[in-house]
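Some structures to go through are shown next.
One chain, chain A, appears in both complexes that follow, with chain B as partner in the first and chain C in the second.
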Partner chain A sequence: MQLVKELLEGNRRALARLISLVENGDPQKYDLLQELYPHTGNSYVIGITGAPGAGKSSLVDRLLKEMRRDGYSVGVIAVDPTSPFTGGAILGDRIRMQDHALDPGVFIRSMGTRGSLGGLSRATQEAIQVLDAFGQDFILVETVGVGQSEVDIVKTADSTVVVLTPAGGDSVQTMKAGIMEIADIFVINKADLPGAERTAAEVGVMLDMKEQYDWRPPVVSTVTLREEGIDKLWRSLQEHRSYLETSGKLHQLRKERVRRELTEQVEHLVKSRVWQQIRSRIPLEDLIEEIVQRRRDPYSAARDLLANIVFPHNDS
Partner chain B sequence: MQLVKELLEGNRRALARLISLVENGDPQKYDLLQELYPHTGNSYVIGITGAPGAGKSSLVDRLLKEMRRDGYSVGVIAVDPTSPFTGGAILGDRIRMQDHALDPGVFIRSMGTRGSLGGLSRATQEAIQVLDAFGQDFILVETVGVGQSEVDIVKTADSTVVVLTPAGGDSVQTMKAGIMEIADIFVINKADLPGAERTAAEVGVMLDMKEQYDWRPPVVSTVTLREEGIDKLWRSLQEHRSYLETSGKLHQLRKERVRRELTEQVEHLVKSRVWQQIRSRIPLEDLIEEIVQRRRDPYSAARDLLANIVFPHNDS
Partner chain C sequence: MERNRGWGLTMSERKIRVLVAKPGLDGHDRGAKVVARALRDAGMEVIYTGLHQTPEQVAEAALQEDVDVVGLSILSGAHMTLVPRIKELLAGRQMADVPLMVGGIVPEEDAQKLLAEGYADAVFTPGDPLEKIIDWIKEKCRGE
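Our next item is the complex of A and B:
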């Protein structure tokens, strides 16, 4: 396909259009992803999550500059599950994009949810695939912490950074257990505010509760405005990457990711084919009416619907 | 099954145990639900949603008393997507349960999420089925408003009440569009606080933006501590029910619910059977490794996995 060819040649407009196609659920989506697939697997994905107001955007911006200084190309996906906006329409992102508009090594994209969180999580994973095929060395995925969603989204990351602030609201006690478990690195951002040391100490106490670590998450204090601590964060990320690579954990992570992708693909295909076959044979409206009337039940009806469904080899 | 027989005889312990079985994903779950199904379809389900602190629990409690006064039996499911607790372990619910412990016409159950929001939404629907078969006239489903989850959960309700307060935080402007669309009745709770009239007026203005209504959501002001407005809420609910019944909308709602249930059942069965067949034939680990190595892609691999899968009639 022409767009894929252009993407692989480094065309940024093709990159933007492909992400949009994927995000909008274009019918050709899976053909595109299939064509891109052999060119993926080279990006290192970093998830950055934390409560609203924790300063994630600025942190990402500073980290990005650090990576650029070392000559790496970087893609940024800013995910906001509470926003209906996609495609860089958020004001803050527009400002960020301006900052890097002339830098060919940076590509920033924001994504909101127009439907389910599940859909957003999938769209994020697919955008990562496109950026990966485009050749970005690092992909930063920034998500607002609002519960299950960021846990799902971060499953895609190789390294996950959880951003805290000294502000009372997201003190360690109130943090959700799920978030703690996904952290490979903790950042105490706005570390010039009162209470920063206590917050860092609290994280330390919590980390002490587990006795043995293959990788003990470091706690990095940052002040983004003064660019303090960003170099340390960048070093910690590189150390975590080395750890994953030498321990074989990175390969494991990527296997898990492929397993999830394969599972989703199989189930996506199965569902669409099953419904196609069922709809072509059975008047579903009548069946639903019978179930509403309690003359049938949905459980045995589902079993009957599946009788004699076949998946011949070439029915795709 | 013995438990089902006991439930249908009105045994509350059987009711509690069946909800637990369903909630914990017992292997017999669907057999149980199938057996219960002919006895369902008689309860009227009311969803009550709103921000944390809006006073939903007290409101539900007062409404419940109103319903009891009119001789109806009531089941309450208190859903908190942010809580890991299930089975009435939340303190507030324990207190509530005590209040009604001696009333055989009331059954209260709380549910938290131990995994995905999707799972919670399903468990809620299934608990409703059990309470319905038990014979409760009304089922009140109380959910904390935290985004997509309450929209999903409330899909199960016949009438949906959105609870607002005069407090600035959940002023009408900041409400999520999705929540507004699901409201059949608005409650301005804590209506003795300053700003209550303005909040009610704001909802009115917003409702005026749509020109035509088959059912225009009424705005009911309540003060739960003084039991003010609860009778009006109860009347509005009965009016909404009459409207749904006479307009044929209730039947439509229930058809949609059956359609969703049938869809979920079919997809649940399909997935488990497909994976059973795939696993029995193909060494998945090798395939995953090949995909990680980029010697294959997950999209064509998924199509190949599905080649020659069959659903014979009696393989359940």
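Our next item is the complex of A and C:
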């Protein structure tokens, strides 16, 4: 594929186009990803999640500065919610990152959560692959930490940062349990606001409830406006990375990811093959009508549909 | 689209992506935000980059976000320099064919010139209904 060739030569337009193709579920998507795959596996992925307004985009902006100072190239995927009513979205995370807009070592892409639950984490995962093949050393994924799909996205990250703020005071208790568990690092952002110490202490108490840690998540206070604590966050991220690398956990994580990917691919292929054959043979609308009228039932109908599916073993 | 998913189709979820940018030194972005919200409500993904963007920042955001349409909101009166400059920077990024619309206070004469010289594909002024912008974008993105 021409686009893949161009991407591998460092063409940013090709990179942008390829992310769109995978995000839009283009029919060629898996052929493209297959071609990119040998060039992936070199990026380190960092997930940044937390409530809307917690300061995730501001933190990404500051982290970019640290990472660029150390000479790393960085890809950013910033996810904002799609309106469930209109299907539209305003993606505004770039506003806080515009200082890096012209830096050739930085590539920022905004994504809407769009339709489906599983769809988002897949689209994000695939965009990561494309940025990885492009050669970004780090990939930062910003997501709003409110639901299961965000937790899923974070599964694709090597290190996960959960961003809390002092606002409300009870943010720790109200955070989703699932989200608390995925944190490798806690950030208490807006540490300039009252209650920050208490929030940090609450996280500490929560962490103390578990007795043994291979990696105890550090709690880092930051003030993005004054660039406070960002160096500490960057250091914690690097420490977490070397912990994962030296303990063999990184390899384990990546094996899990491949296992999931392989499972999903098999399921995808089975599904699309099955439906292809069914659709080419059977007028589904008629069958549905029969079921609606109770002349048939969906259970035996499904079994009959599957009875004649063939899986030739010698096709590609 | 959504309803087809159960049939195991990998439906292409083509969404129109629009960059709404404010190049130059204008003081506020109320108009740009109104347009951004209208486009969102029409089902589009709007990438909004905030105030005081340089032409280079606008073009680069358009590239990275792979938008289908670039929208510029310009109230400062600098449209005759900003628009051609941005068009040129887009062309330098293999994006010469991405439709570019301008919104703001643009005298009719200037609008005609921008259109005639191919710098802009549409110019909207504050009196234009939002539907006009939405329809224009949909028209431009049809059949892609």
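In this section, the second predicted complex is superposed on the first by the 293 of 316 C-alpha atoms of A that agree within 3 Å, B and C clash if a C-alpha of one lies under 4 Å from a C-alpha of the other, contacts with A are read in each partner's own complex, and residues count from 1 in each chain.
Throughout what follows, a residue touches a chain if its C-beta (ideal position, glycine included) is under 8 Å from a C-beta of that chain, and two chains touch if they have at least 3 such contacts.
Just so we're clear, the structure is a prediction, and the values are computed from it rather than from any experiment.
In the superposition on chain A, A:K271 makes contact with both chain B and chain C. When both complexes are overlaid on chain A, the residue A:G204 reaches neither chain B nor chain C.
Contacts of A:G10 after superposition: neither chain B nor chain C is touched. Shared-chain residue A:G53: touches no atom of chain B or chain C. Overlap of the chain B and chain C interfaces on chain A comprises residues 82, 116, 268, 271, 274-275, 284. By the touch rule above, chain C contacts chain A in their complex via residues 1-2, 5, 7-15, 17, 36-37, 39-50, 53, 56-57, 60-61, 63-66, 93-95. Put simply, chain B touches chain A in their complex at residues 30-31, 33-34, 37-38, 40-41, 81-82, 84, 113, 116-118, 146-148, 251, 254-255, 258-259, 261-262, 265-271, 273-275, 278, 284, 287-289, 291-292, 294, 297-303, 305-313, 316. Interface of chain A with chain C (complex): residues 12-13, 16-17, 19-20, 23-27, 29, 82-83, 86-92, 94-95, 98, 101-102, 107-110, 112, 114-116, 119, 268, 271-272, 274-275, 279, 284.
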